[in-house]
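There are two complexes below, and they share subunit A, which is joined by subunit B in the first and by subunit C in the second.
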Partner chain A sequence: MKRYIAKRLLQTIPTLFGVSLLSFSLLYLFPGDPAEFVAQIRYGIEPSPQVVEEVRRELGLNEPFLIRYVHWLSHVIRGNFGISWTEGEPVIKLIMQRFPASAELFFATFAISIAFAVFLGILSAIYKDKAIDHFCRIFSLLGISIPSFWLGLMLIWIFSVQLHLLPAFGYGGLRHLILPVLTWSFSFMAIKTRFVRSCLIEELSKEYVVVARAKGLKDRVVVLRHAFRNALIPIITYFSLSIHHLIIGSIMVEVVFSWPGLGSLLVESVFKRDFPVVQALVLISGVMFVFVNIAVDLLYAVIDPRIRYGE
Partner chain B sequence: MLTRREFVKLVALGSASLLLGCVKRQSPVIPTPTAKETVAPSEYKAEFLLGYGKDHKLKGGKWGIGFFPKIHVLERLVEYDLKEDKLIPSLAKKWEVEKNGKTITFELNRGIKFSDGSELKASAVKFTVEWLANNHPLGQETFEGADAIDDYTVSIYYKEEGFFNLAKMAEFHMSIMSPKSVKPENSPKGEFVWPIGTGCFKAVDYKEEQYAIYEPNPYWYERFELKPKFKKFVVKFIKDEDTRVMALKSGQVDAISDFVHGGSAYTPRNQLGILSSMGYKVFKRNIPLTWIIAFNYKKEPFNDVNLRKAVDLAINRDDIVKIFDNQVLPAKTLFIEVAPGIKEAKAQGVVYEFKPDVAKQIIENGYKGTRVDMIVDKSQSDQILVAQLIQQQLKNVGLNVKLEVLESGAYRERRDAGEYDLRLYYVGGTDRRFYMRMFWRFYPGQKWSAYVSERTGELCKKVLGEFDENKRKQYLVEFYKAIYDEHGVVPLYFDIMTAVTAKDVVADYYHMFHYPNGTPFGEPLFYYVGVKA
Partner chain C sequence: MLRVENLKVHFKTELGIVKAVDRVSFDLREGEKFTLIGESGSGKSVLAQAILRLLPENAIVAGKIIFKNRNILELSEREMRKLRGKEIAWIPQSQNSLNPVLSVGFQCAEPLIEHFKVSKRRAFSRVFKIFKFLGIESKKAKNYPHQFSGGMKQRVLVAMGLSAEPELLIADEPTKGLDANKIGQIIKIFKKINKTMLIITHDLRFADKLSDRVAVMYCGEVVEISPAKDFFSSPLHPYSKGLLDSLPSRGLKPIKGFQPSMIDSPKGCKFRERCEHSIEACKKTPPVITLNDRLVRCWLYAKRREIEKNV
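Let's turn to the complex of A and B:
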């Protein structure tokens, strides 16, 4: 097992290298002159070519790509993502300021979505082609089709403007969390419900389920203890890999509800061409994805006793 | 290796602590009031809440604070009265221009205090000028230096001659701050840490992207013999325009306001009429910010003044303003009527008209079947609608427009490379930026220019150089006429600045757009507002 973990960790090195290269390249892939954007935002004026040139020199944008990349990477390895071009503050500080709000929103949405997706997915699978399945299908379809920003605005209109029950925007206590979580959960759980359903239906059609039923086991036991457990591997893989939503998934929700999270930081930074922040967020998102992937692989052995690594 | 039971326990524990973390979170702590002088009369609520679309950047950092605090926390030596085309006293009582504007000596009003209680003296002005010269491009290109002649007299030395120096002193960035606003204190190269000004508000708390809290500056209210109607003025940053409107409707904020810079983060124009009909008070002011069609006049086909004229005559401005629910005015002159020289130019026939038949004829006589490219910046969503309508209007006269809606960076790349024929742009700004943007848009050699020809460039130089009001007005009229004759740009509509308040808010138009001494402001001011308890 330890050897397996060590091997997987070693394998991440080229992947992380690729992720870092891609993150850094964003600066060169985006259209427009970042120095002009930065000068305009910093000074609140329409900068002259001389000012733009000065900013370009200050940001080191005249340096060749490789020199800049190596310089950036050598700092990133030591946990230094540099200074924000438009805020003048360390990037890591900006990210840590926004992280709690993002984590709160993501994990609350994640927990609620999983609970509902699993519950509705199981119901749909058990009552396949019955009324309840049709209901879940429509629910999922709506979740996939309705844009988050529209749903968010509708929820604000109902719960804040009409009923005066919940705040329309902002970050604060539990009351502020309800509408953003509801909005995001709706789309977040839609595809997952369909996924749970199809995984479970596939398992329920297997022979061991027929045997279990022939043995006289109760339906509940057959579905939950046998079929669902076997369906868990793809479900967990799929659910866990949505961790990248922590940064990028909530952009629309954060914008509509003025939620000060990482999604809105990413969008603002892209618009402002604040590349140190964009690069850091993309890199962190990529690294998280890689490590969650490893963690999920290790989880398989916990879920399914048949899986043993390094044996 | 974990057992399954242990794993389940671990996950349950993790989830529980996460949820607990969510539940226990407290709302941001708002510090208790400190200023004893700022007691609001009991008939008003202690807090006034404003929804605003942009962060105030109160910490300043290396590059200074946002536009809202520049207007509410700081003041300037002079203000600009657009209607009279006059720079009028503010912190400065009077001034003397020497060497055709290379030196301007300002005499300060006495007894003006910063919100920390210290008195405004010439040394603070000298410090501000030096700080700007060291830290801000506008300061760098404007100032040579400053000298405090005595406690209340300061001479500012400029790099160039001309009236433009004085006009610039009313600009947002030329706001005077206390030397204690930077760290180390009084250092012209210091980092801006917290704005301390002489304006109506005192900044007391701030959380990036969430809120800014102000208190009335007691010395300012005393100066104008006013009493504030709130103890705290809390600005909530609500980026989404629709959410801002709904926050007002739900009662979570008492007012919403446009970004004071103009041109973005504003209340949707098609909501203003609805809000007004619902009983909200809508305060609206026309500003000298005009949206235009800018041509790539340096290359074919728009290097031909005739084709530019055809576009000009093909535009039905009355239809364009319908996109904004008629809340904005169609631009039949280059700037709003109260802008200097506009009435006089109008009297001389400088009026942009809708004559599709003439436009059609011009196009048929040499440009039939011509296809042109129009680029629009995606970040300006209203402009996409305007561009689509223009595309249709030009098609009606026989000009085919290929419309490309581009991401901001791509838009700028195309603009800089000159790979376009038409684009939407704006000239002017709020009142205080009238001459500043004239420089950026029409002065020869500017990166952000809209149109420059030998004639217009020369006239623009004369306008910005001339101290004599009458002569300047004459140059302005000639300038408008030149732009009109050459069809340099096509004015479309005039932008507005708005603030909307709830029904129980005490506010009026005069105080919203005027200083207590009667100085007109292009930006909404909130010193006079209050919410009835």
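Let's turn to the complex of A and C:
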């Protein structure tokens, strides 16, 4: 197992190189001259060509691509993502300022939607084609088809504008968290509920389930201990693959609710062409995704005894 | 000990009503090994699952199954659960009957933990004893089903059935998918088990070596019940004769034609169309004739008895 983990970590190195190369190239893929933007920000509209050249040299933009990439990477490895062009502050500081808000929203949504998806999925599998199942089906269908930005605005209109119960936007205590989490979970859990249901229904039709019942076990034990543990394998794969939906979704939800997280930082930075920040955020989300995948692979071995690494 | 009276199990399907078990009556005597013989699809396994009430929801069950003076079909689900595994245990067919993500030891201990509320450790020590009795190393209890061969899996299933010391064991096709050598081992194991057993098989030689009495099922009906010795030396029903004649040791003569569909099976004797001795009377439902301690459902014997009476 330890050898397997070491092997997997080594294997991530080429992937991480690719991710870093791509996020670094963003600067070159975007149209326009970055030196001009920075000069505009610093010295007002229409800077003279000399000023632009000066800025270009200062930012090191005159150097060849590869040298700049290596330079950037060597700093990034040490946790230095450079200085924000617009804020004049270290990128890492900006990110750390926004990180707690994003993490709060991310984990609250993740936990709530997984818990509900599993709970409703199990319920609708057990009561297949009964009222509860139909209710869950409609619920999921709505979650899939209603766009989150619209749902977010509607919730703001109902709970903030009309009922004055919850704040419409901003970051603060638990009350601020409710609407964004509700909006985001509703769509995130929708397909997952259906997925849990169909995985569990498939497992419930297997021979070992009848055998478990033949032992005189209670239905609850048969479903949870026997069928659900087997259904977990595809469920975990699917849930982990959907984490990038969560990362992408965060951008939209944070913008709608003016949530001061990394998603809204990314959008702001893109509009301001603050490339060091964009590069850092793209790199961080890519790296996160790689490590989530490793964690999931290791989780398989915990759940499924047929998967044993490096033995 | 167990008396099945006029049992009918019908399934409602889109194609029509499948009469999987039709007007079946037999009784199991304390301590005997009673074998149900029949081709695949003759309703044997459905009969076994009907006794444990493990059939899917679309099954319509009528008749009586009397176990220790109680009609199983009238018990509540709660009472039924207390019966399953503890008083009547099921040894399922080998493939896929074990849960792939639970250790075999735990799966064998489950009935004990459920019915006697013993600790996991005590249940396991009992499982070790049964494993020893069946020739499974106790250290294998920690292993998972995929680490076992077919023959070993079959032993584990037997251990699972035996663990809570049931009064009646129902073994469903215990030799399915095993080679001759492994079948020999299963015969030895079954001979060692001193319990009332209902064995379901299509393996005639297996039935010959093991059973005290034999019932032959054809197209959902029991056509003959005889002591094993008499059955294998002089079968009564033409179908029984056909079955025995199809054995390699007895000339390898297959029965002509195919088993009719259970949806619209022929009226009268269901074997009529394949039977060499069929007479005009066979178009009517044949009576069950008692000859000493043997039963046969065939007009030939009714005629003979009538003739004897008249003389």
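Note that in this section the second predicted complex is superposed on the first by the 265 of 311 C-alpha atoms of A that agree within 3 Å, B and C clash if a C-alpha of one lies under 4 Å from a C-alpha of the other, contacts with A are read in each partner's own complex, and residues count from 1 in each chain.
One rule holds in what follows: contacts are C-beta pairs under 8 Å (C-beta built on N, C-alpha and C of every residue); 3 or more make two chains touch, one makes a residue touch a chain.
Keep in mind the model is a prediction, meaning the values are calculated, not measured.
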First, second, both or neither for A:P31, with subunit B first and subunit C second: first
First (subunit B), second (subunit C), both or neither touched by A:F17: neither
Which of subunit B and subunit C A:K206 touches, first, second, both or neither: second
Partner chain in contact with A:F107 - subunit B first, subunit C second, else both or neither: first
Subunit B versus subunit C as contact partner of A:V161, first or second or both or neither: first
Which superposed partner A:F65 touches (first subunit B, second subunit C, both, neither): neither
Larger contact residue set on subunit A - subunit B or subunit C: B
Contacts of A:P49 with subunit B and subunit C, given as first, second, both or neither: first
Residues of subunit A at both interfaces, subunit B in one complex, subunit C in the other: 303
Footprint of subunit C on subunit A - complex, ascending: 206-208, 210-218, 221, 225-226, 229-230, 303-306
Contact set on subunit A toward subunit B in their complex: 1, 30-33, 36-37, 39, 42-49, 51-52, 87-89, 97-98, 103-104, 107-108, 111, 149, 153, 156-157, 160-161, 164, 167-174, 177, 255-258, 260, 264, 271, 273, 301-303
Subunit C residues touching subunit A - in the complex, by the definition given at the top: 49, 52, 54, 81-86, 89-90, 92-93, 95-103, 110-111, 114-115, 144, 146, 160
Residues of subunit B defined as touching subunit A within the complex: 1-2, 4, 7, 15, 18-19, 21-23, 25-28, 61-64, 67, 136-138, 141, 172-173, 208-210, 236-240, 242-243, 246-247, 249-252, 261, 379, 407-413, 416, 440, 446-448
